[in-house]
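Take this structure first; my questions come after.
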């Protein structure tokens, strides 16, 4: 279908990245590092880009995913290999539960109020887990030993060096398809209206709450899947301090903005620039990379206030290629 | 970017006219030069560089007819797990490094372990103290610093020796995985020693006011307090104990007091406060002591070590224990490689199993099975008369413990542990 | 016993709240006038903390006096940041300033680390305190509290009494309307931003009066988070709301401790954070635009 | 008094004005008419400086004010009643008027200006304490004009002041504008209400696609059937 | 009876914006609503379209009580409106704006169908060439035309126009009125209700007029008759217009 033309460029980017990672020595992890950033960008964009709501507490969904997988592998290790699918299911369930709670409460708020109320959710949840000593409290869940005992060291290693990465890649592919589908469907149009003028959208017959929740839910569950694979499976531990670290949300927002919100290509390009820049700077200028990175970021913001893809889109407005850019 | 060219990788032959073949051997290190572990990261890097420099100036590592010069290949991991993984891989594949100095902190070490294992490189932890790292079954991860479970036990021994009547122990520490591990182990140990736990509370990371806990603590009226977690909260704990005028006979705080900044920040309030340290300037490890114990000495003497450190870090810099533990990790690699007479990872790891030596940092030997450090002893330092003194164990001490420490009021009037 | 501790915690909560309030006013002001969410807020608090530290350490200038220095430093930084970056983004999509302030925050932190190193520093300004039957109140904390109140009051007077203060309000309400009244809108933007930053840097000084140790280039993160939450609680864009909300937040944080301590098997101090963040959500549920937020 | 020559401007990359020439004589009412989208509002905005002129010149009493920012123009006695009023909605009527007298030049004449405003619009006096945002459309328009008067201007640029007003109010507004002229003010008016505006004007211009298609005295326009048909649709 | 308001009241604080209003709208009629500024016309529209819920009274649409129905459930029943101050979906294209109307209004079209409908209605209102422009870049007039197209694309039974013609050139006003009249017949839009202050437009369009004053219904009846009523002239027109 013509709508899916806009998947060509992002998929090409993914495939090229993966090819580089597989063929060049030492670039697999960096590529996965970039993919992680692309992933959280695409995931957050499904909500932030499409609805215009900023969710500062977004990392909580990654955390829920991480805990979902952590709980499955940590407390249901006896299920053997089945603990992994269970982990993804739990990740989904935890994220959905949080989504319902936050959606019910915070989504009534508008703009910056929503954005910052979600910080409250994120921090509140973290301190609840630590303070009430849920799931190991601040000691978290440590899995390596269990995995190695259950699956043997080979397979345990395979889990965190292959399965986790493969899962992340699959999630990103699926998330991209979902994004394009959403943008081009009724949902996308409804959200476009919501983003621009929520009250006018209502009068137009749009069930604003419903569509916001759809986007919120989609974005949250993708985030949870990323948390489950890129964090728990790959790192083999879950520490609350780490998984609720708000810096990740800020990074995701930066990526979405850097590339251009509300487009699919935006967060992909944003994640690519962000991840690649940071990686290479930390290799070339260890210790000084952020000192160089920050001004670069500022230059990009000032030059492309609507994001790199937003800018390109505007330039190409009347050209045929625009169809390939969403 | 100012450095267009990346440095040459792998073992490039150095230009030497004659003699044995000289090659450069890279030890790789993802290091936290930014982010929350920037301070420890910087210190560790200096330690590694000092050790590498010493090795190179003292004949390198001799394997067969080859001589290896050591260089540290490091990247900044920003104290973030995602970066650590990329950098480990880069070190293992692009830079073809076989010997990794693990990143700072237990969490980051854990993040690095699966990747290191995948590429079959050895990882030596100089900043990941938590015991659990070595309970996961990683064979290629070895430890140079003493594990978390040992941090506060020496202090308890010391108090018990000094004052068998000081029974009322309180614990106030940061709710984080590391300080929890330290204090849970300490608590068990204390109970064995016959202490009575009169108060135990944690505070969340990032706290800027401990008064709710300390008001309670005051009421519990303890003789001895152990606690803390990291730099900032450790300083805060001491500061607020003073503000609230809570007098305790002996206090040991994790991490913070071991840095000069502690005294600079608190002034005389720091007097008498103790801390566990992996190492301290003035600790009595020397070639002579090694000889007496019948173990081999390796690496710079303390004077050499401190001089080299100051040449690198600046005249005003004081080496913290992070410097020594990182240096020791480098030395342990060198020693193990020489012992194995090979740079093969498996052979070196095997050589480590019964490797035992002493360096400026103290003893080094590991549990062959888990890789956990068993040889090294922690010391207890105490601020006395503006100086950090080693007060425990007696064999390493260069001063007597100041016990009970002066009260806050006395300290405010200028009384120090020396006067 | 419990009553005494509760009383002590409430007093400490109030003192802390005063500083929280001031630490948030700058954020709220900047949002109110320019619609800029300053993600780099904490970096400016850090600069203030270091200002107090260096003034005290190098020149033995007491922290109260370095408030003056902080104001000057803050105004200068605010002005430079506005002129070089923010000004160029005023017509751009709202969130691009978020990206910019993120970059600015990182840059300030890294530059500070470059010059001052990654140490955790502190200073000792021991000037005694008041002994209450149930706790001790150091003068430093009382001064911090007092200064917050005085600065907030001065700002209030300035805002409501001076022409420039009113001009700021006018610009907030309608930019084009302000133009036709002869108000130099760009100047008002620059000034508000600079004042907002100056307030923030100043609050950094007061933060060190409260916590004179653990000063580090990355210390700002926790304050940013709290300031965000307090700003929303008070009603975004309302500096006065932020000030009140600071008290509520401080009170909740410290005050709830004693009660949570009665629950067995939990870490009450950790849960105080849970309580204060949950309270935020509840308050927003009742009043979706915060305590003093408009429409 | 005001002379605009070869003025070009627009938004982003889109040019809207393609060389506008017009002149406003002191103590007169000059109307600019033209179809929607012709660039009338743009012309006023470019003159006042809300958007910057790309080319051409704006002179005020012979002085080049092309690049002068709006607040300086207000200082010189030019102000604007913008399309859509742009009041301060959460301030009271009184405070809105007070803001009009923001500059010290205007502040000096505060009492006189206020009296003038309240005699022109007694309704505003009645609603002194009401928030501007809750006024009805007509009242808001009065306030917008009142606020402009508080700057003690010589020249007021007005963009469709009668839009959205009830017929009774439309009349009042035009009467007011006429009274302002009698008070010695100069007015440059943009309107869609062709008849009423021509009734009170001295000079008129017709703007078409960013250029002046006609300029002259009101009588000339009234007489020219062609112009009325071609541009004004009446 | 298409729409019936019974005793509807809406207050804002102390102010009664709409006061015990009864209103009936027959199918197929062209209704004009006039009244001084602030007499409650826009508020009335907001009540009908569901932006506000009345404090008292009932609103019945096609026999169904919609008093408490949220706005997004009213639109599919056949209600559509334009806004006095245009509210375009700014960064969406003109075409997308109109398509959104077609998708979620009574038309309930699928995406592709809606986009086609959008083109069709843009042609009808005469801004087809602007269809790929970002809506926020339109002039106020163009925005109004786009809102009209968007409302029409919803295929409403009742179309509420709020000062659609304000600020329009007299030449265009006539054109738009003809257009609305035509579309009303062709599209079987049962009723168009129009709020305007432009009397020549009202007389040209409306068969019946309701005059509001201070939230109440002052008068209603055939257009010419009502507009010549002395009370209307007194409070609203300020002089004879027709």
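Going by the order they are written in, the chains are A, B, C, D and E; count residues from 1 in each one.
The definition used in the following text is that contacts are C-beta pairs under 8 Å (C-beta built on N, C-alpha and C of every residue); 3 or more make two chains touch, one makes a residue touch a chain.
Everything numeric in this text was worked out from a predicted model, so none of it was measured.
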Inset, instruction - Any chance you could name the chains that touch chain A and chain C both? - result: B
Legend entry - Most remote chain, CA-based centroid, reference being chain A: D
Legend entry - Of all other chains, the one whose Cα centre sits farthest from chain E: B
Inset, instruction - Please compute the C-alpha centroid of chain A, do the same for chain E, then give the distance between them in whole Å. - result: 43
Inset, instruction - Averaged over CA atoms, how far is the centre of chain C from the centre of chain E? Could you give it in whole Å? - result: 48
Inset, instruction - Starting from the mean Cα coordinates of chain A and chain B, work out the distance between those two points in Å. - result: 36
Legend entry - Computed distance of Cα centres, chain D from chain B, in Å: 75
Legend entry - Multi-partner residues of chain E (each touching 2 or more other chains): none
Legend entry - In chain A, residues with contacts to at least two other chains: 127, 130-131, 137-138, 290
Inset, instruction - Mind listing each pair of touching chains for me? - result: A-B, A-C, A-E, B-C, C-D, D-E
Inset, instruction - Flag every residue of chain C that touches chain B in the complex, lowest number first. - result: 1, 5, 8-9, 12, 16, 110, 113, 117-124, 126, 129, 131, 134-136, 138, 141, 207, 210-219, 221-222, 254, 257-258, 261, 267-270, 272-273
Inset, instruction - Please give the residue numbers of chain D that touch chain E in the complex, ascending. - result: 11, 14, 35-37, 83-84, 134-139, 160, 163-172, 192, 194, 232-234
Inset, instruction - Going by the contact rule at the top, pick out the chain D residues touching chain C in the complex. - result: 48, 50, 69-71, 74-75, 79-82, 85-91, 95, 98-100, 102-103, 106, 147-148, 150-151
Legend entry - Residue ranges of chain A touching chain E (in the complex, touch as defined): 184-186, 189-190, 192-193, 195-197, 199-208, 317
Inset, instruction - Under the touch definition given earlier, write down the residues of chain B that touch chain A in their complex. - result: 1-3, 6, 31, 33-34, 74-78, 81-83, 85-90, 92-95, 107, 110-111, 113-115, 117-118, 132, 135-138, 175-177, 180-181, 202, 204-205
